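Take a look at this one; I'll ask things after.
Naming follows writing order (A, B, C and D), and every chain is counted from residue 1.
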Amino acid sequence: MGIDYLSPDYEVVRNPQRCIACRVCERQCANEVHSYDSEWKVMKSDDSKCVNCHRCVALCPTHALKIVKTDDTFKINANWTNEAIGEVFRQAGTGGMLLSSMGNPQPYPIYWDKILINASQVTNPSIDPLREPMETRTFLGKRPEKLERDADGSLVTDNLPPNLELSVPVLFSAMSYGSISYNAHESLARAARELGTYYNTGEGGLHEDFYQYGPHTIVQVASGRFGVHKDYLEAGAAIEIKIGQGAKPGIGGHLPGEKIVGDVSRTRMIPEGSDAISPAPHHDIYSIEDLRQLVYSLKEATNYKKPIIVKIAAVHNVAAIASGIARSGADIIAIDGYRGGTGAAPTRIRDNVGIPIELALAAVDERLRQERIRNNVSIVVGGSIRNSADIVKAIALGADAVYIGTAALLALGCHLCRTCQSGKCNWGIATQRPDLVKRLNPDIGSKRLVNLVSAWQHEIMEMMGGMGINSIEALRGNRLMLRGVGLNEKELEILGIKHAGE
Amino acid sequence: MKRVYVNEKWCLGCHLCEYNCAFANSGCDDMVKALKDVQIYPRIQIEQGNGINFAVNCRHCEEPLCVKSCITGALSVQDGVIHVDQDKCVGCYTCILVCPYGAVMPGPTGGVVQKCELCTNNSSGEPACVKGCPNRAIVFEER
Amino acid sequence: MQKEGAIRIPSGCAISGIFSRSGKRMNGEPIIQSISTMHDRSNGLGGGFAAYGIYPRSRDLYAFHVFYDSVRAKEECEKVIMANFDVTIAEKIPTREMPEITDEPLIWRYFGLPFEKLLKDTRLDEKEFVARFVTKVNTEIKGAYVFSSGKNMGVFKAVGFPEDVGRYYRLEDYEGYCWTAHGRYPTNTPGWWGGAHPFSMLDYSIVHNGEISSYDANRRFIEMFGYKCTLLTDTEVITYIVDFLNRKQHLSLKEAAQVIAAPFWSEIDRLPPEQQKKLTYLRNVFSSLLITGPFSVLLGFTGGLMALNDRLKLRSMVIGEKGDMFYVASEECAIQTIEPNIEHFRAPQGGEPVIVTLNEGVDA
Amino acid sequence: MNYVIIGNSAAAVGCVEGIRSIDKTGSITVISDEPHHVYSRPLISYLLYGKTDREKMKYRPDDFYEKNSVTALFGVTAEKVDYEAKKVVLNNGSSVAFDKLLFATGSSPFVPPMEGLDTVPKKFSFMKLDDAMALEEAIGPQSRVLIVGAGLIGLKCAEGIRGKVRELTVVDLAPRILPSILDEEGSDMVQKHIEKQGITFHLGTSVARFGAEKAELKNGETVEFDVLVLAVGVRPNTALAAEIGCKVNRGIVSDEHCRTNLDGIYAAGDCSESYDITEDQYRVLALWPNAYMQGETAGIDMAGGNQLYDKAIPMNAIGFFDLHVITAGSYAGEAYVTRTEDTYKKLITKDNLLKGFILIGEIARAGIYTSLIREKTPLDTVDFELIRERPQLMAFAAPERAVKLGGAKA
């Protein structure tokens, strides 16, 4: 072995005065950072193995542990940062692409944080959600082209294309069984049912145990077509065609063979141990008219009973692409911003490809309105919705609902260590190791998800009430309720909002 | 009556219950002070092996063999909780001989036995093992 | 300061309406008297009236009321009017000089019908043709503003207190079966004549007291259907919504009200399945036309009047009836002052449309 | 209903609590020839050792009789039972009427004839509180004590007084100590441990004759002593029962409801026999837990309830000078033995069942083994390899554990 050029990014700091050597840290670390020295009767830590997932910190009963960013540094260089140098070292050592997971962590502008929400003062009253109804129910899907009346003049109501009804405009975004654990899926499924919303299978198929959650499931059809069969399509409330995802636009997926075991293999309908490779494009979609064919194939296959979602990554030309999708027969467009999470992505792609969801959403919503087709399709956006204010802003910019992935995982215990690709998730989420999977008890997981979304719902209601709005549909596209701060003219123009003070 | 139930499906074998038990019964309000550099004698104990883990503590049987067998009368049932009067106990270990769960054990000094009393004998309130279980593998419920 | 159209201007207001079911024609005195009672609800930055049945001799012709900022605008606009309409009358709207009313624009009216051949060529129905024409003038001809475009009805509005506006327009000389009035309390406008209310589109006229919070959601949606919100006022967008739902989507006014001031889901979920289905359908299909925030609206249309409050009833509005007369106003006193012997006062519930129409057979 | 209990120890208390779990009002009379509130006889050695005191020795709180509405007659002996007239005649001339009667008469020390025994001035049995108090009175730091009998009673006595006397010698006819509960290896281990405390054993021999402050043994040795404790054995007190026609073998014969062959007459505790499921025969199982459970079973049956005492096994938990010994069952079968310097463990299996075990030194969770014997758990339904290593619930199948620990229904 030659020289290890890399030094650990994080250090495990143990307060020896507080440590009682109960060894919980040791037992709970799948990376084997901690060990007990029976000779010296002390706990030791190997920083180089630490991924900073905080499992040990969270479980240490005496709060004896913390993890700090190392202050070991190469010579300070604003251009050749420690990260940049370290990555070169790593690649010079391995010859491989850099892999990482979860969303883009780079310091690009976060537009949500440069948008402010309005409230009523004097001229119209704010509405108290504790006293008055405050509605967050919403529907996703197409609206009929025109109204019809039957012979006696009453309105025909069954010409409505299939819709998804949401009691709160938040859905759990696609995360496949395989990339996340059975218990994570069960938590999402149960929470979706309790909340009156939907979770999404991702490209991992639908485990037989979860067919019972079908009415709250969006089944995904992605380029690898894993786990897709008739019953699967019919089991879901909607079908999502995944073209791309924000974390890695233009890139396919790769779930290594070691994760394709047991139920994962069966659910994906591929042999155990074989790599699950999702091609970068759908090889039957090289153009927009091909998409239309797939949309209608799926509609045919499910007797026009399921809305079809087309999910794309937010890329430069997103407005035009969305317009094409809206005309393809799709009922819902899902747009995933560049901060969206993933179980594994090439680091360079994750950090450099795609555009912010805020701008993509504003551009798409406005474009579809200009083309007068906004009513033909619903818009769901994801790619780092972090809190209820982000949701309010997204809806005011024009979204019908939002997808949350990372936030949902955080609720389940994810600490964003961004090491999903290792398969050793200490929180039982991004792993298939039975001893780790069991760390996520769906009784707890689903409850935490329900708590999170319910809390956000309350906050959304509170903010809506403040604006004098008592129904989420009156917020949708209501950009007057937003103002920008610290944004330039172009950004304001794209977002379609005024600057604060205007 | 509320009892402690174990669901081994969710037990991680982290042993926190043991430490929380030892702390709750230490009479000390600082876990570090209570447990640092000492051998712990918890009243709940983890069994583990082959990827299976579970905690065992007193079941508070309705027909408690330990109480019936106790030669001193130190073991008694109080509001459904099997209580040991350590003052009375002489450490004959007849209860250890009969408990089908292996849930009665010698105390730290050996002269008397100890067992889970659902934290009715300390200031924890709810059983400390349950409160501290990170994965709801032990619950305290009426069933 | 920016005027209406350049910036969204919310405002509080007073409204009043009088309607005779039997088609009895009244001059403008009572409605002026009624609205002046609520003087304090206006601030002098706008007042106006809509009257139905006032042009019986030209009842089949579109009556365009137009403001011109300049002679040039007038010439430009008239060129377009004449090119599209067979205009039988073009005249200045009679006014009375008053110190309270200043900065008057040129105020003209035209009676006419679209040229038949032209209409046929566009393949539009007549109303749509007229609506598009009005939008075109208002968006494209600088300094010209069509503020009334229905048949046998007219809108009269100005910057000033409504009672002064009424006198200015000599409303005592007009007789109609339905009158609505508006006194305005905008919060940040210099006051512009076109920005005063009522807002009118074809024979729909709207007076409105409130400040809707759903404005931009409504505006951005309705603009997908060919409307252009040039004034950025609530009244404008509400008018377009009513026009869209009632005239274009053929919803009844009641159904339109169920979209605009939709019942809460909690109410809908309690209804029998058929009603539930219908209301859910309407809310879903026209979800972006739900209007939230406070409003009380009087919608005038040929042969009828609809009063509607927002679903939480965040603005006052009462109705009173005597014989076949129907009165509605922001405040009860505005009714009492013109009809002290009201038989029945009532405050309609939030979201409950109150619609009155001419008795059957009445040809007003 | 009149319930009468002759005796006032574990079986009697079990009977009272058994009756009262069903019948809250019937009259209960306890007849005790000792003048004491109910106390735990096995504790007399701990009393001498200083580990307990008279107050703590009380087996039940002071208000036990009152709370259970029991008429306790202390210091009174039952002379005779008149089965026809349904009454117990007392030595004070009065009698107590009964509908249901329990013999909980216990056992008495058995002293074989020994030459010169009457010449020994300070000789004691070691069964009752009064015995212990008399012994304590008689000994002092210079005492040389001879204990005849290396069984449980003799050795517990030895432990109890070791710290209070100068010399302590134990003599037993048997070649090893505790022969009734230990095998040879176990006896040897315990003996060595006890010897470390300065106690001398003379085994495989007996006292040929007692002389002045000395005992001559049959093997020719002489032991000098000034206090003698006789702990050769005990005999069940069965006379009263036998008189009225109860079937008596070594003890009074009672069935799994603790009924004797006579209607309304029950027997429980050291005076009775129970069915040892490890030996498949009736035996006297003179053990505190068995006595309590027999008494309780009898009480419940007397009051019209239904309880079975059908899991009796011999079992013992005993310790000498901090060396703990737990044993149960019978030792006939295939043995599995592990031994370390400080611990000894023997498991005996037969016919796919655990039949018995001996644990010395390491006794943790022994009850799991006991339970396998009591419940006759077929060993092929558990992971015997695992449980052989140490008692653990892991050896049971998961569904079984779910019942035991998870509240699942069996």
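The criterion applied here is as follows: a contact is a pair of C-beta atoms (placed from the backbone, for glycine too) under 8 Å apart; a residue touches a chain by one contact, two chains touch by 3 or more.
Everything numeric here is computed off the predicted structure, so don't read it as measured data.
A.B. asks: Considering only chains that satisfy the touch condition with chain A, which of them also satisfy it with chain C?
C.D. replies: none
A.B. asks: Quick check on the contact network: minimum steps from chain C to chain D?
C.D. replies: Counted as steps through touching chains, the separation is 3.
A.B. asks: More contacting C-beta pairs: A-B or B-D?
C.D. replies: It is B-D, judged by the count of C-beta pairs in contact.
A.B. asks: Quick one: report the Å distance separating chain B from chain C, using the average Cα coordinate of each chain.
C.D. replies: Spacing between the chain centres: roughly 79 Å.
A.B. asks: Could you give the separation in Å between the centres of chain B and chain D, each centre being the mean of its C-alpha atoms?
C.D. replies: Each chain's C-alpha centroid was found; their separation is 28 Å.
A.B. asks: Mind checking the centre-to-centre distance between chain A and chain B? Centres are C-alpha means, answer in whole Å.
C.D. replies: 43
A.B. asks: Rounded to the nearest whole Å, what is the centre-to-centre distance of chain A and chain D, using the mean of the C-alpha atoms as each centre?
C.D. replies: 70
A.B. asks: Can you list the chain C residues in contact with two or more other chains?
C.D. replies: As it turns out, chain C has no residue touching two or more other chains.
A.B. asks: Pairs of chains that touch, anyone?
C.D. replies: Applying the touch criterion to every chain pair yields A-B, A-C, B-D.
A.B. asks: Would you pull the chain B residues touching chain A in the complex into a rising list?
C.D. replies: Against chain A, the touching part of chain B is residues 9-10, 12-16, 19-20, 23, 31-32, 35-37, 51, 132, 134-137.
A.B. asks: Within their complex, state which residues of chain C touch chain A.
C.D. replies: 8, 10-12, 187, 210-218, 220-221, 223-225, 249-251, 255, 262, 264-266, 277-278, 280-288, 290-294, 311-312, 314
A.B. asks: In the complex formed with chain B, which residues of chain D make contact?
C.D. replies: Interface residues on the chain D side: 10, 14, 40, 42-43, 46, 51-52, 56-60, 288-289, 292-293, 296, 315-319, 322, 324, 326, 328, 363-368, 370-371, 374-375, 386, 391-394, 398, 401-402, 404-407.
A.B. asks: Name, in rising order, each residue of chain A that touches chain C in their complex.
C.D. replies: Touching chain C: residues 120, 123-125, 127, 132-133, 135, 137-139, 143-144, 146-147, 149, 154-155, 157, 160, 163, 369, 372, 374-375, 398, 467-471, 473-481 of chain A.
A.B. asks: Which stretch or stretches of chain A touch chain B in the complex?
C.D. replies: Checking each residue of chain A against chain B gives 17-20, 22-24, 27-28, 41, 58-59, 61-62, 64, 434-435, 438-439, 441, 443-444.
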